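Down below are the structures I want you to see.
Shared between the two complexes below is subunit A, which has subunit B as its partner in the first and subunit C in the second.
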Partner chain A sequence: MEKRYISKEGLNKWFNQIIQSDKRLFAPVQKGEKVEFKRVKSFEEVASDYIQTTQSIKRVAFPRAEVLFSYKKEEKETTLQDFNPDTVPETVLWKIHPCDAAGFIPLTGIFNWDYKDKLYNARLAKTTMVSFSCQKSDNSCFCTSVNGGPGNTAGSDIQITLLPDGGALAEILTPKGEALVTLAPECFEAEREIKKEDYLADVPVRFNVKELTGKLASSFDSPVWKQQSERCLGCGACAFVCPTCACFDIQEDAKGSTGRRIRCWDSCGFSMFTLHTSGHNPRQQQSQRWRQRILHKFSYMPERIHELGCTGCGRCSRACPVDMNILEHLTSIAQQSHE
Partner chain B sequence: MEVEKITNEAPGVKTFRLKFKNEEEGNAFEFHAGQFGEYSVFGEGESTFCIASSPTRKGYIECTFRQAGRVTTGLSKLEEGATIGFRGPFGNTFPMDEWKGKNLVFVAGGIALPPMRCVIWNALDLRKNFKDITIVYGAKSVDDLVYKDELTEWAARPDVNLVTTVDPGGETPDWKGEVGFVPSVLEKVAPNSENTVAIVCGPPIMIKFTFPVLEKLGFKDENIYTTLENRMKCGVGKCGRCNVGKLYVCKDGPVFTRTELQSLPPEY
Partner chain C sequence: MNKLIEKATSLLQEGVVTKVIGYEEGTEKPRPFFCEKAEDTSKLIYNSRCINNLAVYLTKPELLGTGKVAVVATLPTLRSIVQLAFENQLKEDKLVILTVTDSEEVIEFAGFAEIETYLKDFKLKIDQKEQDLIDKLEGMSKEERWTFWVEELSQCFKCYACRAACPMCYCTRCVVEVNCPQWVQPWASPLGNIEWQINRAMHLAGRCTGCGSCAEACPVGIPIDLLTRKMMEDLGEEFGVVPGQPNKNGNVLSTFKPEDKENFIR
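For the complex of A and B:
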């Protein structure tokens, strides 16, 4: 890892060099009351004052809907056209949070723990992540409770920490990060004596995640699932804004003799998610589906792929229409004494 | 793959014999008893079924399905010569090698005979590897029994003890088999549990009442096998819907022993 100083002007210049290259750049953009990741063309478009985007940026590697293959039926023959990784554009994610970058780690785990998913991997390979450490947080943020933090560099290629003088500390973390620096190497000055910790948000640890995972191991029959999910509408908003939710559906989009097989986001919160054709449903109640959501992220994933399925970004709590707060629920489970 | 042959098994139930379009791919294709595949109808989508033919029969695979949803309706409309897609084989397998020298008892209900048919033919094609083979198979009615020709063939074999049954009311005037539900017929047949493995496959209600009968007959949980069928999309442990607790039916299953099932939450 290499540390450099970059001035306010340097940051702006480097950004413009990226924009002028053949790469697409996504950054947070203010749109009405919301901030969302959009493709941007100028430095001025980038939102400066915000806590969290409504949606995560996982879609660059795992799109909401993507064509797995397309096909054409002729009399007796059917020809398939496979996904071509060469069509994936080089992409830079600018000013994502450490929890956004960290979100790709469990996603990579899911898409590679056994079968290697070439679509996800091709998209991720062409994505460079420039995270900005967090200087602000709110009550929904809990990165420090799930092995992250406002200055966590896991998953990032470069991390920028803004300084009061308008300049920034740049931590160049990976070869992909180094390659991005070469677009404007003159902007990166020698390192100065900077204590990064002084410029980070204070995000208190709200629960002990090891304790939580331990409690979950024997929680399957606990009444807590029903209690916590009684107001859940099963709308799936939590899964759609989540940077690590990877459950998907496969759908057919056909017209006449041509068609496409499409992979699209799904949610374990939907009642039809596990419904059998026979009408039997292993997770018939919303409480069973809420339990699945929590156990998958905090028990099954740590055990199977050694990653938590949560980065503490707080999006699910902010998006929930009935104010189900994952942080409160996790804290309450972690603090529960064994009956 | 090409649909080489279609057999009507029972009302709404068909068996497809599928041949690889690419002969080399066909020759290289290997699978083991218990594994499943994802079958595609272009224009409709993809569905999960077991491979119902035995790995000892090379050059083709078979699947049996009941017309129920969009994909199986699309499959039902196909004619011989049509092209379908196939992904697989997926999942774990029945431990046929570990069963060498043992008696095998198959207990199946309704449309759950297909996953077992693969194992049955696998065992019959390697007949000398196993001792007694008993098959208890039941369906709602005589009409609903699948693989009728093969049932006749198994019944005629001296080295197979086949008992077929239909639910009360499902019999026809000339029905020669048993009348009664699978668990009670199994209790009547009372296969010896000594040096025997039981392979059970059927609707959840049948499995629920069959396990206690096997227990009564002296079968240990680790010698009782079943295969689970949760809804799945990807078949490779990613789409997130077939899990039972921390285990994926598509990766860790579909074959489980009763011992394994007892350590899992009832999410199937």
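For the complex of A and C:
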């Protein structure tokens, strides 16, 4: 890892070099009350004063809907057109938070757990992540409780920490990051003994994740799931804004003799998610679906891919129409005494 | 102790109801609260910040259980209850419907008919911000309006929070989930998203009571309640439909009589 200083003007210049290259760039953009990642063409479009985008940026590697392959039938012949990794554009994610970059770690784990997902891996390989450490947080943030932090560099290719003089500390973390620096190497000056910790948000640790995972191991039949999920409406808002939720559905878009097979987002919160063709549904009640959501992220994923399925970004809590605050629910489970 | 807490406590203590569905203070704003114990009633709150439409829970049998349940209803919730009752979705003898007046008095309604009478004094209000947007849309050309909605609805990722938050969306299998045949594309795409919202607006035509929960629930902030509101306006002019006062001749778009005029078909 290499540390460099970059001035305000340097940051702007480097950004413009990226924009002018063949890479597409996504950055947070303010629209009304919401901030979302959008394709950006100028430095001025990038949002500055906000805590978190509503949606995560996972769609860059795992789009809402993507064509797995398409086909065409002519008489007895069927021609298949497979996904072509060469069609994936080089992409830069600008000003994502450390929890966004960290979100790709469990996603990568899921998409490579047994089967190596060609599409996801191709997209991720062409993505360079420039995270900005967090100087602000809110009550929904809890990265420090799930092995992360406002200056966590895991998953990032470069991390920028903004300084009071308008300049920034740049931590160049990976070969992908180094390659991005070569677009404007003159902007990166020698390091200036900067203490990064002084410029980070204070995100208190709210629960002990080991303790939580321990409690969850024996909680399958606990009444807590019913208590917590009573007000849950069973929509997919939490899963769709989440940086690590990876459930998908596979659908057919057939038109006569041609068609496409499409992978699209799904959510374990939906009542039809586990509905069998027989009519039986092993998760008939919302409480069972809520349990699945929590256990998957904090029990099954650590067991299978050795990663938590949560980066503490707090998006699900902020997006929920009925305030299903995940931090509050996790804290109450972690603090529960064994009866 | 305020009168709502007093009432809830006595209903639970005397075993009249098994739970009181009301509001408690949440993280940033009040949230729905299922109160089952008399000692928890002190958490109950009621003020203008309580905006979730609690009628949405009254069509979920697994939440209600077999006993009687009390619900703390705001005006929009009351309107939804009246409409749901008209559609035969509620059991009068299984519900205790409460509301709190501006002077903090608790009213317990004797039945659905009494709610309807009570609602006659309260006209549906549209807040200024919403009215401004409606006016802006009304002032647009057809093409501009189309562009507006394509842009807005392209953001939709089909989480169906709008449907989940709507008390009138109580189908056990929504039209978008019917897949033999598949009527609406199940994945998020501008066209499929528009199809979904058109379906929603049409299914709610003459039934929507204008509570605005759909837009409130939308995580990406699409003003989808305007679609159902506009529908409400047209139906008011054409059929005299008043939200919260069910049309005794039946819901306008799902009722047919042989003597209906057909002169609009050209």
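The working rule: the second predicted complex is superposed on the first by the 339 of 339 C-alpha atoms of A that agree within 3 Å, B and C clash if a C-alpha of one lies under 4 Å from a C-alpha of the other, contacts with A are read in each partner's own complex, and residues count from 1 in each chain.
FYI, a residue touches a chain if its C-beta (ideal position, glycine included) is under 8 Å from a C-beta of that chain, and two chains touch if they have at least 3 such contacts.
Please read all numbers here as calculations on a predicted model, not as lab measurements.
Applying the stated clash criterion after superposition on subunit A shows that subunit B and subunit C can sit side by side. When the shared chain is aligned, subunit C comes close enough to touch A:D323, but subunit B does not. Angle at subunit A (Cα centre) between the Cα centres of subunit B and subunit C in the superposed arrangement: 80°, in steps of 10. Of the two partner chains, subunit C is the only one touched by A:Q55; subunit B is not.
When the two complexes are overlaid on their common chain A, residue A:D86 makes contact with neither subunit B nor subunit C.
When the shared chain is aligned, no partner comes close enough to touch A:E193: not subunit B, not subunit C.
Legend: residue contacts after superposition of the two complexes on their common chain; A:E75 is shown touching neither subunit B nor subunit C. By the touch criterion stated above, A:R231 is placed in contact with subunit C alone, subunit B being left untouched.
In the superposition on chain A, A:F273 contacts subunit B only, with no contact to subunit C. In the superposition on chain A, contact is made by A:R283 with subunit B only, not with subunit C. Of the two partner chains placed by superposition, subunit B and subunit C are both touched by A:Q251.
The gap separating subunit B from subunit C at its narrowest, counted between C-alpha atoms of the superposed chains, is 6 angstrom.
Touched by subunit B in one complex and by subunit C in the other are residues 249, 251 of subunit A. Against subunit C, in their complex, subunit A makes its touches with residues 32-34, 36, 54-55, 64-65, 139-140, 230-231, 233-237, 239-241, 249, 251, 253, 262, 264-265, 267, 270, 272, 284-286, 317, 319, 321-323, 325, 328.
Partner subunit A is touched in their complex by these residues of subunit B: 40, 42-46, 68-69, 72, 81-83, 85, 203-204, 229-231, 233-234, 236-246, 251, 265-268.
Every residue of subunit A that touches subunit B in the complex is listed here, in rising order: 71, 73, 76-78, 80, 110-111, 113-115, 117, 220, 246-252, 254, 259, 261, 266, 268, 273-278, 280, 282-283, 288, 292, 295-296, 299-300, 303-304.
Residues of subunit C that touch subunit A in their complex: 26-29, 31-34, 52, 56-57, 62-63, 155, 157-161, 163-165, 173, 177, 182, 185-189, 213, 216-217, 219-221.
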